[in-house]
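Once you scroll down, you'll see the structures, which are given as structure tokens.
Both complexes shown next keep chain A, but they swap its partner, so chain B is in the first and chain C is in the second.
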Partner chain A sequence: MRVLLGSNLLCWAIFVEAATLVVNIEIKAHLFYPAEVIVPANTKVKLLIHNMDSSPEEFESYELNREKVILGNSKAVVFIGPLAPGEYPFFGEFNMTTALGKVIVN
Partner chain B sequence: MLLDAVIIVLRETLEAGVLVSVLLTVGNRYKLGLRWLAWAFSGGMVGAIIYAGNMGLVSHWFDYVGQEVVNAIIQYSIYLSLLLICLFVASIPRISSRALIYLLTLTVALALIREATEIIIFYSGFIGNSAVFSKAATSGFIGLMLGLSVGALCYFSIMSLKPRHVKPVQIGVLALVGAGMVAQATQLLIQADWLPSVAPLWDTREILPEASMPGQLAYAIFGYEATPTPLEAGLFLGALACTPLLIALSRFISGKTLIEARTQ
Partner chain C sequence: MTAGFFCAKPTRRLIFRLPGAMETLMSVVMIVAASNSAYLHADGSTIDKIYHPYVQLLETEIEYRSRYQDDDDAALDDQQKYQLGLGRSLSEQLFAELYLIGAGSSESDFELTAVEAELKIQLSEQGEYDNDWGLLFELERETKENLWEVSTTLIALHQWSRWIATANLSLTYEWGRDINNELETSLASQLRYRYSQALEPAIEFYLGEDTLGVGPVLTGVQRLGGRRKLVWEFGAILGIDEATPDTSWKLNIEYEF
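After this line comes the complex of A and B, so read on.
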């Protein structure tokens, strides 16, 4: 019974992980790569952001209602969505003149 | 001048400044002196330095959403403290002055930890580059002064009110700030995928953009968000309603009337 329950939980965990779309974004020299991220509408998305710079950055978006500090040479996870079709700009608050990007929802 | 530094320090100072200024009027009303504020600032700054120094570790917790969870806990804690302070301000006799001092100190320290941590991390990026650090520090000082000016304006606005208006304004502003903390904390848990994310209830970006100065001020006062989810809006209203409901309940239990015998 315990084995059965455990395997069910494992299947559930894999299903949840598989259901969440993961998008990788890199920060290099205070720029986002890619600067434009295209994701499907009405879908939860896990943004996996790697800050390759040695200095910290803050991922921020008023349109997405997201804000997160990412230390230098580290990674962070930010969940977004489900979103309606449209464009959702984001920026690096610590370098807001250069670190600019947007999520495009189709 | 580094515009980024001005904006970051201004935003964080604004958020903490409004809250601290109202709490200062509470301390002033009960003649608590300023020693509690010194303790709160010392504790808050030490806490912020420790938190910033361990941000890498914290960020890895709970599958990389530890930062959201810890910040949400801090903000829910501030809300609970503010709720108790509101009860005190409303003259509930069961809380002693000493308890009020502890609550004020704790609230300001938590607010400082929340806001100063980001500033410390921002400036840590300039370590080793003294020229840029110096420029960022000067710019940050401008942001600090602007934020403190708004806090001072808030403080003197309340202090200049007629005595009978002071208490309702204090309770009203603290209840709004507290409810805003709940909304922000809820948003963080949605960001961490600990709470469900659904389509926003409304969109007021055209009327009041979050990035604008009035939008930032509204964010500092009641956690304004142009596109809140139903959960955020519901918890905001619930948290806001808790203050008058608990005050009414406490008065009912203690048999007190609305006209209090305290310092006015």
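After this line comes the complex of A and C, so read on.
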């Protein structure tokens, strides 16, 4: 019975150990550092965005289909990919003229 | 400045692998089909808005929705419904909205018919798993009748390339002196193509007790500077059975800031 129950649970929820690539991005004085982020194609990537400014910022990209507000002096996580090779621009919605960057997928 | 993917060490973590998109959508359809066979349905037209599972911190929105039914049957024809909402995110995962709901027709005056409170919970980080998940809780009170309605909606979304599939599976309980208390289910789903931010075509499908419809929808976002955006949606859902109006026109406009 336990084996049967365990098998059923495994059918619905399979725990796997996986390595997720992490890329750190900092926001300082309304600029992204780095402004260009290079990631491998067809791979899920975790962007760990640290907003060093005291004011909030929003990481946004239509091409990446992501939108995430990061409060001042806080961190936030944005998952991207798997992506096809190419360039995917992003910007800070609170400072659209300065906070600009792109993800380059090779 | 350029940095590669080697700028941070990969971390090892446990990932809870959720069912794939097709399995999820099939499961949702099967649950609703099973509910239909058990005569669990939603009263009236369930053609409305398809919810996505995301919540944006610090976001406020003013929302306007309108519906117009066109049908050969006089009982279904020329029915108009309007909804005005004010919403605000409470945290990274919670979004609350209050609505005033009104109805009318060319033969009757417009009047306030209901008020509604809504709470959306974002359950998973966008893109972390195969599917993105959310929950929606709604409480509605009719103003002209003694009728309450509470519902829970499971929101599932899957993206592959430029395509996005969204399913809203709802379980609703209605009670009050002016209605037979009942439990109902409904399904609303959308397949959308991310053509451009200004214009995204979609197809929507609705299934409920008095609703079986499918039709084209256009959506888009118009940026107004800074964080201000206008999100619009316009579509025509065509009735497939007799109970569903021949055409249900829908127009949704959201002003986000």
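Convention: the second predicted complex is superposed on the first by the 88 of 106 C-alpha atoms of A that agree within 3 Å, B and C clash if a C-alpha of one lies under 4 Å from a C-alpha of the other, contacts with A are read in each partner's own complex, and residues count from 1 in each chain.
Assume a contact is a pair of C-beta atoms (placed from the backbone, for glycine too) under 8 Å apart; a residue touches a chain by one contact, two chains touch by 3 or more.
Remember, predicted model here, so these are calculated numbers, not experimental data.
Superimposing the complexes on chain A yields a three-chain arrangement in which chain B and chain C clash. In the overlay built on the shared chain, the residue A:Gly72 is in contact with chain B alone; chain C does not reach it. By the document's definition of touching, of the two partners only chain B reaches A:Ser55; chain C does not.
In the superposed model, A:Glu36 lies in contact with chain C only, and not with chain B.
By the touch criterion defined above, A:Val45 lies against chain C but remains apart from chain B after alignment on the C-alpha atoms of chain A. More residues of chain A lie in touch with C than with the remaining chain of the pair chain B and chain C. By the touch criterion stated above, A:Glu93 is placed in contact with chain B and with chain C alike. Touch criterion met: A:Leu21 reaches chain C, while chain B stays clear of it. On chain A, the surface patch touched by chain B in one complex and by chain C in the other comprises residues 44, 46, 56, 58, 62, 65-69, 71, 77-81, 93-94, 96.
Interface of chain A with chain C (complex): residues 12-24, 33-40, 43-46, 48, 56, 58, 62, 65-69, 71, 77-81, 93-94, 96, 104.
By the touch rule above, chain A contacts chain B in their complex via residues 44, 46, 55-56, 58, 62-63, 65-72, 74-82, 84, 93-97.
Chain C contributes residues 1-5, 7-17, 19, 54, 56-59, 92, 125-128, 159, 164, 194, 196-197, 226-227 to its touches with chain A in the complex.
On chain B, the positions that touch chain A within their shared complex are 3-4, 7-8, 55-56, 59, 63-65, 67-68, 118, 121-122, 124-126, 187, 190-193, 197-199, 205, 209-211, 225-227.
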